[in-house]
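Got some structures for you, see below.
Here subunit A shows up in two complexes: once beside subunit B, once beside subunit C.
Coming up: the complex of A and B.
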C-alpha cells in the first residue's frame, strides 16, 4: 500500500521540477569549489538560474596562509567577498543550511528565508575537523593549540603565538594521516615557520610529528630542509613514533607512544572528514568522505546532488584549491549537459600546486587526471614534481609562479 | 569565425562571457592559472602558435617549469583541440 504522502510525492518526482521555468542550480558553500562552480554555471549556460548559499560574507583563503603565519603576508590579502558573483547575476544568500530534503529537492536555512528549491545542487562543504580524534584535542583546545587549518582567526592566533614565543622555544606541529585538506600544507608550514625562527629566534627548534611515513613533495621538502634548516627542523615519521596520541592544552604537552613533548607553540592539524552539510545531506559514506561520479560529480548516494572539492573521494586527485576549481568547471559543464538531456563527455582534470620552502624558494607538483573504471586516475607519464636538483633561479621562478597562481585562481573564483 | 563571435556576443550576459560551446576535455582548467591576475593570458590568441608552444614544451625545445609536465597528459590532437577552443575565447 502506498501512503498518502508517498502518493502525493510521486507525480512531483516524475516531473522535472524545472519544467515551468529556467533550471535552478543551487550551490552550497562558497569556497574555491563553490564560488567557481557558481560562476562556471553562468558561463556554461547563461539560462541557468544560479543561487549560492554561503554562511560567511567574506571568504578567507587557505592557500598562502602559511605565509601569513610566517609573517610574510597580510591576512587581508587572503580575503574575498561575493560582490562580483552577485553582479554576474548569481543570487547570493548568506545563511546556514540546516536541512536538505532530497525527495522534494529543497534546502532549509537557519534564516527566516523560505526553503530554497533546486533542480540540481552542487554541494561544496569543504572539510570539518574531527574534534576528539586526537584525545584532548577539541574545539576549546584549538584556542591554546591552533590548527590554523581553516584560515582566519586561527591563522592570526598561530602567528601571534610564534611572535610571543621566547628564543630557544619549541614549536611542535602535528600532521595527520591521509586523506586531509592540502597534502603539502603541513610541510610548507614547517618550512616557513623554520625560516622565521632562523631569522628571529635562532635558538628555537621545530618538531614536525607525522602520522605517516610518506608525504606530498617529500623529496623536495627534505632536500630543502637539509639545505636551509639543519638543526632547526626535525621531522619524526610515523614509523619513528611520530603519530600524536594525545594532547594536553593546559600543560601544553603533545604525546606520542614514546615521548611527551612540552611545547611553547603547538599547531595540531587533526584528522578531517567531509563538512557538516555533506553529512546532513547523506552524501558522505562510512569513510566520512563523499563518493561521486568522476564524470558528472553527482553523488553516488543521493541523486541530483553533485559534490566537488575537498569533501569528495577523488581518486588520485588531491584535496587542493586547484583541484576544486577544476572539478567545479567540469561539474558545471556536466550539469549544463544533463539539464539539456545531453550526455556529458569524459573529462580531463588538472591539478597544479605550489609550495614555498622559504621566501623566493618554491616548487610545484602537477597532475593530469581522467576517469578510468569510475575512478579519477593520473595519466601515466604526465605530471609529477619539480626536479629536486633545480637551480636557485628556477626555485625563485616557481615561487613567483606560485604567487601568480594565487592571483589567477582567486580572480577566477571570486571575480 | 564570425558566426562564433556573434554567437558568443548573443549569449553573453552582463560582466561575464559564456564559454564557446563544447570545450574539449581539459580546456576549461587552463584558466585556473592563466588569466587576469595570474600567468600569461592564453585566450584569443592564434591557435597554431598555442599548439606550437605546447609542443615545444613537450619536446623540451622550450624550457618550462611545469607546462612540460602537464602537456604530457594530452595527445597532440587533444592539444590542437584545446588551442583552437582557447583561441575562440574572449577571457
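Coming up: the complex of A and C.
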C-alpha cells in the first residue's frame, strides 16, 4: 500500500521502497457517529493515525433529553467529554471546519492550526435545522419557540418555559415530515410533557400538530395516549390539517392551513437536512441528505469521504444514535479493509430504539439491516416492536432497558 | 361522507382576492396497487370537484389516479358580493358530497 501523500512526494517511485507513514483517517464531528468511528478505527487497526475534529469540548446527547424537558433527568447526565478518546491515542482537535478540499484531501479549520490532511475522512455532520422552512421560524424564533432538537440550551429553555407556564395553558408541538432526526422523538416528547402536565398542571393541554399521518411506534404511542393522557394530549395528523404552515413567535401563534392556535409554550421541530460540513464538502445531494455506499459508507459523490449518522440516506435505517453507532463500526472496519486493499464484506447493522410513554413506562423497536441492491433494507422478521398489550411490569422493564442502553452506548462511544 | 376541512374567510371587502383551502381525507386508491393476493385494489378516487359561488362556477377540476391520498386544494377568487360558496366532489362510488361556507362581503 502506498499513501497518496507519499505517492505525490515521490512520483518517480513506481512501488514504495521503504516504510510509509501511517494512514491518516480524520473524523469530522464528535457525536455518536464520529466518536464511535474514531474509537472503532483504533480498534480495527492500531496503525491508523486517527484524528477527531469537533467544535465543542463537551458533547450533549439527544437520547434522553426528552426526560430532561419533562424534569425527570438532569442535563449534566447528557454530557460527555473526549478525554477518554484522547487517552486512547486519538488526536482530538477542538476547531470548526471551514473548508474541505477533496482534490488535495485537506481540511481547513477556523483556528490558526495548519490544514489537516487525510487519506480517508469520516464525516459525521449530524443535521442542520432548515430555518425558514416553516415561514416565521428562524434562528431568532427558536429563542421564543424552542425546537430543542439539539440538546443543550434549547432543552433547558423548553423545560423552563413549561415550568413557567400557568395551569390551563396550551403546549403546541409541531412534528416535521420525514426524514428527520429521531423518528419517535416528537411522540416521546409529547408523552413525557403530558405526564408532567398531568402531574403539575392538570388543566393544561398539549396539541401535537403533525405533517404526517403515519409515524414510528404509532400503535404503541396511541395506545399509551389513550391509557394515560385522554383529554390532555391531542394529535392532529396531516390529513386532519396538522401540517404547520407558519408561526408567529411574537404573537406565539402556530398556524396550519385551517386553524391558528395561540400557544403558551410552542415547540417547533422544523424540517432538517445534513449538517453544514456535509454541505460544504459536497457530499449532500439535492435532497439535502448524503447518498452513500451501504457497505463502506463512502460518499457516492466525493471519493475518500465516508459519511455516517443522521446525515445519510440510510434506506430503511432510522436516524438514531444506535444506527449511527452501528454505521460507525461498520465504516471503521471497511476503511481498515480499504487501506489494506482488502474488499470489505457486506455488513449487517442493528438498531434498537427505546421510547418512554411515561416515567417507568417504555417500549422499543428493533431491526437488523443489510444492503440489498445498494440500499440498506430491513431483513424480514429480524426485529420487531414491543407488544401493544404488554403488562405494566414489562413496560417498566423496558424503561429500565432503555436507561441501561443509554449507559452502554455512551460508554462505548465516549469511553 | 368523508372528513373535509374547509378554510374560507368569513368576511371580505368588495373586490378582495380571497383564498379558499380544502383538505379532503380520502385514500385516493389508484387502482394500480396490488394486495397480498396479487389482485389490484379497486380504484377509489375523487374524480371531480366543483366550486360554485351562489350557483356561479368558480373552479372545476378533473382528478386522476396519480393524485396522492388526502388531496389538498387551494384557489383564489374575487369577492364581489355576499353569498354562499359550495364545494362539491364525486368519488368512484358516485357518492356526492357538498360543503358550504358563507362569505360576508362589505
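The rule is short, and it goes like this: the second predicted complex is superposed on the first by the 395 of 415 C-alpha atoms of A that agree within 3 Å, B and C clash if a C-alpha of one lies under 4 Å from a C-alpha of the other, contacts with A are read in each partner's own complex, and residues count from 1 in each chain.
The definition used in the following text is that a contact is a pair of C-beta atoms (placed from the backbone, for glycine too) under 8 Å apart; a residue touches a chain by one contact, two chains touch by 3 or more.
Quantities reported herein were computed from a predicted structural model and do not represent experimental measurements.
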| item | value |
| --- | --- |
| Three-chain arrangement built on subunit A, subunit B and subunit C clash or fit | fit |
| Contacts of A:350 with subunit B and subunit C, given as first, second, both or neither | first |
| Touching partner for A:89 - first (subunit B), second (subunit C), both, neither | first |
| Contacts of A:372 with subunit B and subunit C, given as first, second, both or neither | neither |
| Subunit A: partner with more touched residues, subunit B or subunit C | B |
| Which of subunit B and subunit C A:170 touches, first, second, both or neither | neither |
| A:401 touches, of subunit B and subunit C: first, second, both or neither? | first |
| Which of subunit B and subunit C A:130 touches, first, second, both or neither | neither |
| Minimal inter-chain CA distance - subunit C and subunit B, angstrom | 22 |
| Residues of subunit B defined as touching subunit A within the complex | 11-19, 23, 25-26, 28-29, 31-39, 65-66, 69-74, 78 |
| Residues of subunit A defined as touching subunit B within the complex | 39-40, 42-46, 84, 87-89, 322, 325-326, 329-330, 333, 345-350, 352, 364, 366-370, 379, 381-384, 386, 394, 397-398, 401, 404-405, 407-412 |
| Of subunit A, residues touching subunit C in the complex | 213, 238-241, 257-258 |
| Subunit A partner contacts - residues on subunit C that touch it in the complex | 3, 5-7, 21, 23, 25, 69-70, 72, 74 |
